[in-house]
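Look for chain A in each of the two complexes below; its partner is chain B in the first and chain C in the second.
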Partner chain A sequence: MTLLRHAGIAIIAGVVLLVLSSKLDSYRQYQLAEVAATIVAVAGLTILIGVSGQISIGHGAFMFVGGYATALIVMHLKWNLALVILASAVVAGVAGAIMGVAAARLRGPYLAGATLMLAVALPAVAYQWQGVFGGDQGLDFTVTSPGFLGVNFQLTEWQAWVCCICALIVLVLLANVLRSRVGRNWRALRDNETAAALAGLNVGLLRVRAFIVSAACAGVAGSLLAMTMLNVTPGAFTLALSIQLLTAVVLGGLGSLAGAVWGGIILVLVPPFLSNFASSHGLASASASLPIAGYGLVLIIVMLAFPSGVQGGVRRLLGPVAPAATAPVSALGRHWHGLRKRVGGQDVGAELTTTKGVDKEGFG
Partner chain B sequence: MQEFVEFTLGGISDGMIYAAIGLSLVLIWRGTRVLNYAQGGMAMFTSYLALFVITATGSYWLGFAVALASGLVLGAVLERAVVRPTLGKPPLNAVIITIGLLILIEGVAGIIFGSKNRSFPAPFSIVGAKAGSFALGPGSSPTAIFTAAAVLAAAGLLALLFRYTSVGLRMRASAFSAPVAQLMGIRVGRITTLGWALAGLIGALAGMLVTPQTFLYPNSMDSIFVLGFTAAVIGGLDSPVGAIVGGLILGVVLNYVTGYVGSNLPELAGLAILVLVLMFRPSGLFASTATRQV
Partner chain C sequence: MNRPHRLGLAPLAMLAAGSLLLAACGNSGSSSSGALQASAPGVTAKTITIGSHQPLTGIAAPGYDEIAPASNAYFQYVNAHGGVYGRKIVYKYLNDQYNSSITTTDVRQLILQDHVFAIFDGLGTPTHLAVAPFINSEKVPDLFVASGCACWNAASSLPETFGWQINYIREGKILGAYIASHFKGEKIAYFYQNDEFGQDGIKGLGYEIPASQVVAKEPYNVAASNPAGEVGTLTAALKASKAQVVVAFAVPAFMALLRLSELSLGYSPTLVSSDVGSDPITLAGLLNSFAKKSGAFGSGLIQGIITDSYLPSLGSSNDSWIKLFTKIHSQYLPKLPLDGNVLYGMSVAYTFVQAMLKAGRNPTRQDLVNAVNGGLPQGVSVAPYAYSATDHDGITGAYMAEVKNGVLVPLGPTQITDNTATGPVSTDSSTQPPAPANGIP
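Our next item is the complex of A and B:
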């Protein structure tokens, strides 16, 4: 039933976007594609941070993997576009699995440090093996819109279609994963790792799985972004990108896919808006730095005043209607709470009290 | 042999800078369990203030003093203004707040000082020493020696502060258990602010020491911060000694990799060291206690 509902919402959104994209000029179509691709990456990171309770400050690295995989496959193998995206997701997923296994024992700032270093280190690969990855200049490639759309069909509109369709598919898949046993297990892991382990969950495997899903999403996002820009360079996957993804997850609203959609929109559309604002108000010299300062300020204010992000605000505005939609989640929370109490009531209670130390730990 | 000595000395000199950043992170982490992602940005900003004073007055040491003093004030002010409200909230809030601070500081620096690269004076000569005909490289220059001496002196003074003064005892007590310290009449809030102020000072010192090598621009401290963070993680975020050892390991290995293997590889080598250390010691080399009790 939920599967049908998610699919229904996605189809309606798809039709709306299809109509919308044909009305936009090519710059707006480009932005639409960029927003869709970013949403995929933010949604993947939301799964990792908001649902499984791990942190990554290096998700740009997995976008790097997906982007370069796409460029190399298009240039050398000339596969079908859908296969290219799928293959990029698989390659990035494998990278995520490696990182996930290496990081499965790490917590809080130690995990943050390892992923941060990954984001800084991976672009060096492109410089070191210039023959394959093209060094600083990166790789240029082309994609064309399929023949049945006619020769005059705008490439930007086709790119916007591809990105939007992929984003909707990913969101439907993730929404269903979150409602499945895996999603529930992740939330159990996030809320109380010791209790989750006591309940028989394989904590290490669940953590690695979250990394794989999240990295595969980032790979799809990197692939879509590469196809939109028709090139990949190491400069497109900087530490700044990774940090922006993390902030988008929190700004949108931690732990919900709707929040990821908000985060992606904010990330792509707000900086150009601020930049235009600065230059149109005679601040041309500061127009490069003003959006940066503004973004930092927004982050701090949102975190202090609205810690639940945009989606939290939307939920509060819509009043009691919206929480009903998330009822199964809170019902799970109650169920889980009951489980914790039940376990706590037995002899293992003594062990559980030590988990209080965990509260001090967490994200660095 | 000559190369080996050159790379080793260069590595020690670089490593001391990573150690200083790591030390400032450890100071804050021990006291508040917050990791200050804005530490590099703060150091960048205080270096700009120092450069302003140096160009205005012509005195390097006046600029040096201004950088340290402004680091002290900046740390205290930021803790009071934006970090304090996140205490007791989910840890991710503090992460995002300090990242927001980093972005804000870099943006403000760009607005005030512009984003072009500026050269930055070194306190002493940067020409390396020679033993007969045996050149020891820039890692043996008076500036490099000053770098190592300054960081070691700062670490030593901190150790004395923690070990022998009443303030230091209060800081250790607050880090050990804030509620108990509070019950014993310690103003934990003030101690936290002091910790941030000291961290700001050490960070500003690192900024002054590294900027002559990197030029000064709004993002100039980003990669230094990442390496300093890595140093602190390798050493164990609870341990000041760990930060220094981690910084030295990182600096020396990165210099060997750059010198012997290839100039594109130091970041990958840093990642390799970090992953290797964390695979065997998930809380760093010098973790005093298991940081996660289960």
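Our next item is the complex of A and C:
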């Protein structure tokens, strides 16, 4: 049933995005593709950090793996696009497994340090084997939209489609994993590792699995970004990217897939918006630093206003904080209920509050 | 009843005929000068919008962040003095931090969303290489890339793209010819950026300097996570090679790091630098800021660096071009120092205005490309341009110079050469025209 519900939501979202993407100009389509790709990476990381309780400051490295895998496969093997993305996920997943084995033995700051090292060291591979990876220059390649769409079909729209479809598939899969036994085990692990081990869970295996899933998502994201930009360079996968992904996870709402969507949107759209704002208001000199400052400011404001991230804030604004039976419904929540009652003509508020506790994971 | 009616019509008919005649006159009058129309994306009756990607922050920003504001200062000067056929130039430059993944996004925004008429002076070899195919596929003129990579000269695969500054192969040959004749038999080492910028440079050097004299080649990566540490290691290798002459193809920040590492290792070879990394004011400022010193520390460390330049020296205050740019600088850009980067930005902007004027009153994108393909007259550069339908290289020569007391002092006449291994490096016979009196081509 949950599978059906998640698939249903995804299909509706897909149709909306399909209509939306055909209305957008090609730059917005490009941005849509960027947002979708980033959401995949943030969703993968939120699983690792928010659900399994492990940290990674090096997820840009797995995107690097996925991106370069895509570029190399497209250039040398010319596989079908879906296969390319899948292969990139597998390659990044293998990298994640290797990292995960090491990660399973490390905790907290030590794990953060190890993953940090990965983010710093891996791009150096591109310099070491210039002939294969193209050094600083990276690799350029092209993808084309399939023939049945016609020759005049915008490449950017096709890229937006591919990225959105992949993002939706990944989100549905992750939502289901979260509600499966694996997801419950991860949460048990996160909340109390000793208790989880006492309950008979294989703690090490669970941790490695979380790393694999998360790295595979980052690989898909790297692959999608590479296909959107049509090149990969070491400069695209800097330490700054890894840290931005981490902030996007926290910003959106730790452990929530909807939060990952918020995080991805903010990460991609806020900096160019601020930069354009600065240059169109005669602040050309500030346009360089304003996006960075603005992103920091958004982070501070969100953390102060909604300690549980944007998604936490949305939840608080749209519904009651806690089940009505045990805690008083907030004023805003009550107001909302009143509205819903009037509009619907029947009491849906109570039903909402009772399902709320269960609905926290998954798409919530 | 009929009579007055007819009489009433006559003046009306005359009026109508008269106004038709007037309209006809008006038409023929304006068509000889051509009414200003929105003739292409980015061109309206009043403005021409062009775009660029520039490193306003990041490792390449020191110095280079002045180039786009300097170009803009020159455009403002042109706008204030009648514009280009009456249109004002609007210059929109985005910060790519010298990171080609950001360049990719920036250029898509400029072309797909802002609909700029042309990309102008996009800065950087690795950054611009990432977007040149896209710009060409969108058929947007890609004028005067701020990079001397020989790769911009590809009229068949990149028909919209044109270089401007002397390319690194030519520059390497001119530096190499000087080194080969002035440092005969001495040990020579290369320090270079490990991309097409540095690799083209050492290719040119290799055409002139005997391989037997070269004792070390040390490349650096511009995206290095610890630039100071990396340069330190490379400098130690240079010192170990006992090279007496170090030739650098490096951006200013890495030049400064090289100089500081030499100082701390007590190693003092003759330093020869590409024009890219040798602007005295930028370099002295970087040395001071990296070493947390002030005053004469930086300028002392750059004394005696041998380099080349394809623009008039800022030290020759009687030069008409330097006078022009000094005037524009003091009026439109007083906050920035008048250094080589500002000179570069204004010079390339001057060349762009040359091309726009040649493209006609109501230019299409193709008109602009055709204008440059037809060749541009020599202006601010010391040597002629190579532009033709088959050659998209820019300036063809440079003069050797030495840094003395913070300015470039020429060491000889302008040398010109080509991109081939065997083409000679010879003295330029052309004479540079003086700057136009009104400062507009």
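The rule is simple: the second predicted complex is superposed on the first by the 316 of 364 C-alpha atoms of A that agree within 3 Å, B and C clash if a C-alpha of one lies under 4 Å from a C-alpha of the other, contacts with A are read in each partner's own complex, and residues count from 1 in each chain.
We take it that a contact is a pair of C-beta atoms (placed from the backbone, for glycine too) under 8 Å apart; a residue touches a chain by one contact, two chains touch by 3 or more.
Model, not experiment: these values are computed from the prediction.
Participant: After aligning the two structures on chain A, examine chain B and chain C and state clash or fit.
Facilitator: Superposition check on chain A flags a clash between chain B and chain C.
Participant: Compare chain B and chain C by how many residues of chain A each one touches, and report the one with more.
Facilitator: B
Participant: For A:G138, using the defined touch cut-off, is the partner it touches chain B, chain C, both, or neither? Pick first, second, both or neither.
Facilitator: The answer is second: A:G138 touches chain C but not chain B.
Participant: Of the two partner chains, chain B (first) and chain C (second), which one does A:F62 touch, if any: first, second, both, or neither?
Facilitator: So A:F62 meets neither chain B nor chain C here.
Participant: State whether A:S275 touches chain B only (first), chain C only (second), both chains, or neither.
Facilitator: second
Participant: With the two complexes superposed on chain A, say which partner A:L239 touches: chain B (first), chain C (second), both, or neither.
Facilitator: Both chain B and chain C are touched by A:L239.
Participant: Quick check for you: in the superposed arrangement, does A:W158 touch first (chain B), second (chain C), both or neither?
Facilitator: neither
Participant: With the two structures laid over each other on chain A, which partner does A:V120 touch: chain B (first), chain C (second), both, or neither?
Facilitator: After superposition on chain A, A:V120 lies in contact with both partners, chain B and chain C.
Participant: If you stack the two complexes on chain A, which partner ends up touching A:W186: first (chain B), second (chain C), both, or neither?
Facilitator: After superposing on A, A:W186 lies clear of both chain B and chain C.
Participant: After superposition on the shared chain, which partner residues are touched by A:S289: those of chain B (first), chain C (second), both, or neither?
Facilitator: Both partners, chain B and chain C.
Participant: For chain B, which of the listed stretches 59-67, 77-85, 113-121 or 167-175 runs into chain C?
Facilitator: Comparing the options 59-67, 77-85, 113-121 or 167-175, the clashing one for chain B against chain C is 113-121.
Participant: Could you tell me which stretches of chain A are touched by chain B in one complex and by chain C in the other?
Facilitator: On chain A, the overlap between the chain B and chain C contacts is residues 120, 127, 239, 285, 288-289, 292.
Participant: How about chain A: which of its residues touch chain B in the complex?
Facilitator: Of all residues in chain A, those touching chain B are 49, 55, 102-103, 105-110, 112-114, 116-118, 120-122, 124-125, 127-128, 193-194, 239, 243, 246-247, 250, 254, 285-286, 288-300, 303-304, 307, 354-355, 357-358, 360-364.
Participant: In the complex, go through chain C and note every residue touching chain A.
Facilitator: Listed in rising order, the residues of chain C that touch chain A are 56-57, 65, 69, 72, 92-95, 99-101, 104-105, 108-109, 112-113, 126, 129-130, 133-134, 193-196, 221-223, 225.
Participant: Where on chain B is chain A touching in the complex?
Facilitator: Touching chain A from chain B are residues 29, 33-35, 82, 85-86, 89-97, 99-111, 114-115, 218, 222-223, 226, 229-230, 232-233, 237, 262, 264-268, 270-271, 274-275, 278-279, 282-284, 291-294.
Participant: Under the definition above, what is the set of chain A residues touching chain C in their complex?
Facilitator: Spelled out, the residues of chain A in touch with chain C are 25-28, 30, 34, 120, 123, 127, 130, 135-138, 140, 156, 229-231, 233-236, 238-239, 272, 275, 279, 284-285, 287-289, 292.
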